[in-house]
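Structure first, then comments.
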Amino acid sequence: METRLTATVVGATGYTGAEVCRLLSNHPFVELTVATSERQAGTPLFAACPWLTSEVVLSRFDPELLTADVVFLCQANGMAMKVAPALSKRMKVVDLSADFRLKDTTLYPEWYGFEHTSPGLSPWPAYGLPELVDRGSITAAQIVANPGCYVTASLLALVPLMKGGLVSGVPVIDAKSGVSGAGRSRSETEYLLGELHGSFKAYKTTGHRHIPEIEQLFGGPVRFTPHLLPVSRGICATIHVASSASKGAVYDCWTRFYADEPFVRTQGAPPSTKQVHGSNTCALYADFDERTGHAVLVSVIDNLVKGAAGQAVQNMNLMLGLPEVAGLPTDGVWP
Amino acid sequence: METRLTATVVGATGYTGAEVCRLLSNHPFVELTVATSERQAGTPLFAACPWLTSEVVLSRFDPELLTADVVFLCQANGMAMKVAPALSKRMKVVDLSADFRLKDTTLYPEWYGFEHTSPGLSPWPAYGLPELVDRGSITAAQIVANPGCYVTASLLALVPLMKGGLVSGVPVIDAKSGVSGAGRSRSETEYLLGELHGSFKAYKTTGHRHIPEIEQLFGGPVRFTPHLLPVSRGICATIHVASSASKGAVYDCWTRFYADEPFVRTQGAPPSTKQVHGSNTCALYADFDERTGHAVLVSVIDNLVKGAAGQAVQNMNLMLGLPEVAGLPTDGVWP
Amino acid sequence: METRLTATVVGATGYTGAEVCRLLSNHPFVELTVATSERQAGTPLFAACPWLTSEVVLSRFDPELLTADVVFLCQANGMAMKVAPALSKRMKVVDLSADFRLKDTTLYPEWYGFEHTSPGLSPWPAYGLPELVDRGSITAAQIVANPGCYVTASLLALVPLMKGGLVSGVPVIDAKSGVSGAGRSRSETEYLLGELHGSFKAYKTTGHRHIPEIEQLFGGPVRFTPHLLPVSRGICATIHVASSASKGAVYDCWTRFYADEPFVRTQGAPPSTKQVHGSNTCALYADFDERTGHAVLVSVIDNLVKGAAGQAVQNMNLMLGLPEVAGLPTDGVWP
Amino acid sequence: METRLTATVVGATGYTGAEVCRLLSNHPFVELTVATSERQAGTPLFAACPWLTSEVVLSRFDPELLTADVVFLCQANGMAMKVAPALSKRMKVVDLSADFRLKDTTLYPEWYGFEHTSPGLSPWPAYGLPELVDRGSITAAQIVANPGCYVTASLLALVPLMKGGLVSGVPVIDAKSGVSGAGRSRSETEYLLGELHGSFKAYKTTGHRHIPEIEQLFGGPVRFTPHLLPVSRGICATIHVASSASKGAVYDCWTRFYADEPFVRTQGAPPSTKQVHGSNTCALYADFDERTGHAVLVSVIDNLVKGAAGQAVQNMNLMLGLPEVAGLPTDGVWP
């Protein structure tokens, strides 16, 4: 391909922003040309983030000056809703924050603590979970809302079964995530390695922000509790749900639903989070507990790839008319 | 105290046996005088297990020659049921295997894969979960069956609420354990640090052996799935159970039930497994999900202490008429 | 013992302060009666530090009001030199900071960045490395300067050989420490678990503050570089030093030197840091590289126990006339 | 490129073999068409190694039937020297074992415990450390001996300084490696996560097999001790060497030497092993200790990439006339 497309990453030194930069460094058609950071403007990306080798010099974010084929918004919640509408008139926008994930914008005050400033945006951004929504809505969109990490892991397991009529009752989603899900700028003592090493705990046992986003696509209430794993990356969602389906019926449903999907795999043994480390793959496993009538579903992703930056690049590929798999690894870094 | 009592540990180089040795090294009234190992007989304990400093020389286990005030049986399942009845005529026996945990011995073939060889033993050994059973049954017993680790964590959270009528439906117990629960002699590739470091996975998603033991005391069916944490020690059981109780009602129930217990504590934030590292404490936390009508219970223990060797020493203290807390740390090794 | 002695811990919620509290919770003769924290005054210790079970309520540090048999000063460097002289008139003082470690107080500006405010204190506090100094200096002292963690690990290996004339040239000390050595209040991104998990790096490759303290007792210059291990606790010092001694000669020297020491052990295989986790033991190992004429010494300690709080309690025991080993575990928490 | 070249990986389910497969899955010009495993023949690669997605079915290794453009030999030491000479008549051979690393084959009995069976092979295979040898020797070779992991990390730091006359005396190389360096088939208890988690230790304190390989290119004796890090991947070599060079002189030397190298970088702060996780990059840092007259060099690589599979693919690229960087990531997977 002779001409390469250009990408901007806003908030490039956070975990999700830097991960978009890493993935673009191997992308055959798209090049990172602008990376922004308010704190480290003027520093080359390789110096601010020594695991990256890009020589792009970090700059401050100025929405008015920005030119690119696609921009990834990787800032804290509440920023994208202010700048995405204007930016989308000049380029494709992939928003990795939560700002456009909930179509019912009246939910933002309760779950996120702020009023949405663009509640009437039309068309409303597409929801970028390609395996579960109409892909046409993503290819046609100027703005795509990139899903939450817990949401992606949970829905990829649940939605095919829900559509197949195989679940009943309220699913219990017991989810576990590596600490990178909390972001890179946490200054609380509790995120120190000394505190978390060799340890494990539940947090936000009720009321986590990803609940309404899961329910939006699932179509009903879910019981959800997340936990913090003493690892950098990886999500495992274990879902216990009343069901009358056999184990074989669950696999049949998944296999049909994901027959042509390059990034979703089923397997016969419970997946480990590390098997998808650094990759855009979601691995699924199911069992059936006849004693209590529950299906047990296990879904693992890399929270920063399929749960964030990888899915964002997947959405970008669709929006720009590129092969959906371009630049996205499917093999995990193991051990 | 002028005369010290003597203890034997059978299987002293495994994780639970060595942990009994460690705890006895700080015990004010009981001294380790014999430690057995089939493979390392002739080696001083400090050489076989360099974290221990005992100079006791390991010997082979010969039930007929053994003399001690108390013996801890820390072998694989299936051994204790052969030797405990005879030993119990000469000394107190604490069995850390599963051999006497299930009163209904017809369950052993299905869950453990062997027939019980002493199904009619009378009196049947006491079940050594002091906070949940009649302590008199332990003090009077010649043999105590030390409970399973997942069982201890789960039941300490559930039983008070069950007795208080605060739970309904089938509890979903989503449990996570450090790898020491799998023992020290695993030669499978999957237990290598290279495979597990930075990773997390479910295992035995249905049908784990601790299920009938949980149900025996809980009194009804439970949904149970365990997971492997990439840490040495620690169990966290997260229990989702339909309930009409408020958060306050759960805490009131626990607080009353455990008012005088030195080893069970409730707290206002989710406990981390590391806070009980090396200690005999169980820490409990509760939340209530009004959206779905579930109580969320979190229980953490050190699987090798309150989940094995510490509870065994606690049972020994009761059996020998010593203070229940003797030699048992309540503070965790943090960070 | 009928009357228990009383101890105060100043700075009880930091890693070293809390570790003193943990050790005192098992101490047969000394009781923690006052614990201070400027930030969390008014909170019970068990609530501020959930791994502790003490019900002592944290208070602000007021040197004038303090009464106790012994006080542990566990604050940042620069505080103890202001309060220790006055406190020492009323009680025994163990200072865990660096304030009294260097007898040549003119070194403080260069290595610590501040002028010493009590340069002429007389008698100068004893240096509390019991195995290497005259124990009488500790038992007689009102103030003891508790040594640095890297210093303890390095000198316990080196000093006997130096005194035995077995080393020549400049020792190369390549040291590795768990993150708790950096303290609990680090808010830099680099101490987050996300940054350090699964990683390892050198830091302060030249000019670390423990160098003059090592040289003070060793009596000559040393080459020293520390590294950060992705673990909570533990120090391993690997020392490469030109020598004409055989491996056997090194062990003979150590064995004679430490014959009666309860906390120093030699062993025939390289020790792992975890074998001393939570214990006051130092484990030593030696090899000899005939190809290059170097002795290779390996020394491991728990940086928070023998490297800080445990050695502080050991010093306290000596200062109060108690058995030196009282309340100090020698067995490590493994696995 | 219309025609893709074909590659075979012999020993595909070990850590280095599987890593070659992972790298080839992203290679633009070379395709994995045959993967062998004696134990798992008949199983698809994705099932034997769930982190890989290749559908190639594992087969037994039959040197006579093999056809490919390039073969990677990833077996235990002692196998390649038997099959490589014949294979090299039909295809390019990259040997990841130690069989052809030492030109002086009389060293094999002492360091590896076996006699070399092809001591007179002519031409002797090229040594595949592209940055330090004549690249023409690699491009012309039919067999390339892929260097050891510790060797690569150590020599990339040392050789430029040695050639520049900046080092004197015997370098002390204190090296630390993640456990994947020990391979995937270790069944010893000591490699269990339970034993190694949260721990660190030296091993093979003298006499490690990589010493003669380091000395072969360095040209003089080195003092070398390796350590085991409680992580999956990553090597950090800290080198203390007497020198009269300033810090600036070291950087100048490196910068000139590596000016056009895509896989070697210098940086102003000590690198962490994780910054090169999954990448083919070597990161270098230097400091100078004026007090003792030593340069301190720090070199980090991913032991499975630049230390094994990545360097093997780099050699393959050179041997097949492809761009040296094809298919090789330079950015690390962080956090």
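Order as written gives the chain letters A, B, C and D; numbering starts at 1 within each chain.
Keep in mind that, in the parts below, a contact is a pair of C-beta atoms (placed from the backbone, for glycine too) under 8 Å apart; a residue touches a chain by one contact, two chains touch by 3 or more.
Note that the structure is a prediction, hence the values are computed from the model and not measured.
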| item | value |
| --- | --- |
| Comparison of B-D and A-D by number of C-beta pairs in contact, larger one | A-D |
| Centroid-based (C-alpha) most distant chain relative to subunit D | B |
| Distance between chain centroids, defined by C-alpha means - subunit C, subunit D (Å) | 39 |
| Between subunit D and subunit A, distance of the C-alpha-averaged centres to the nearest whole Å | 34 |
| Separation of mean Cα positions, subunit D and subunit B [Å, integer] | 45 |
| Multi-chain contact residues (two or more partners), subunit D | 15, 179-180, 184, 194-198, 230-233, 271-272, 274-275, 277, 335 |
| Contact set on subunit C toward subunit B in their complex | 15, 18, 21-22, 25-26, 28, 46-47, 49-54, 179-180, 184, 197-198, 232-233, 265, 267, 269, 271-272, 274-279, 281, 283, 329-335 |
| Complex interface listing, subunit C residues touching subunit A | 15, 178-180, 182, 184-187, 189, 191-198, 230-232 |
| Of subunit D, residues touching subunit C in the complex | 170, 172, 174, 176, 194-203, 205-206, 211, 221-223, 225, 227, 229-234, 236, 238, 240, 270-275, 277, 285, 287-292, 294, 296, 298, 300, 335 |
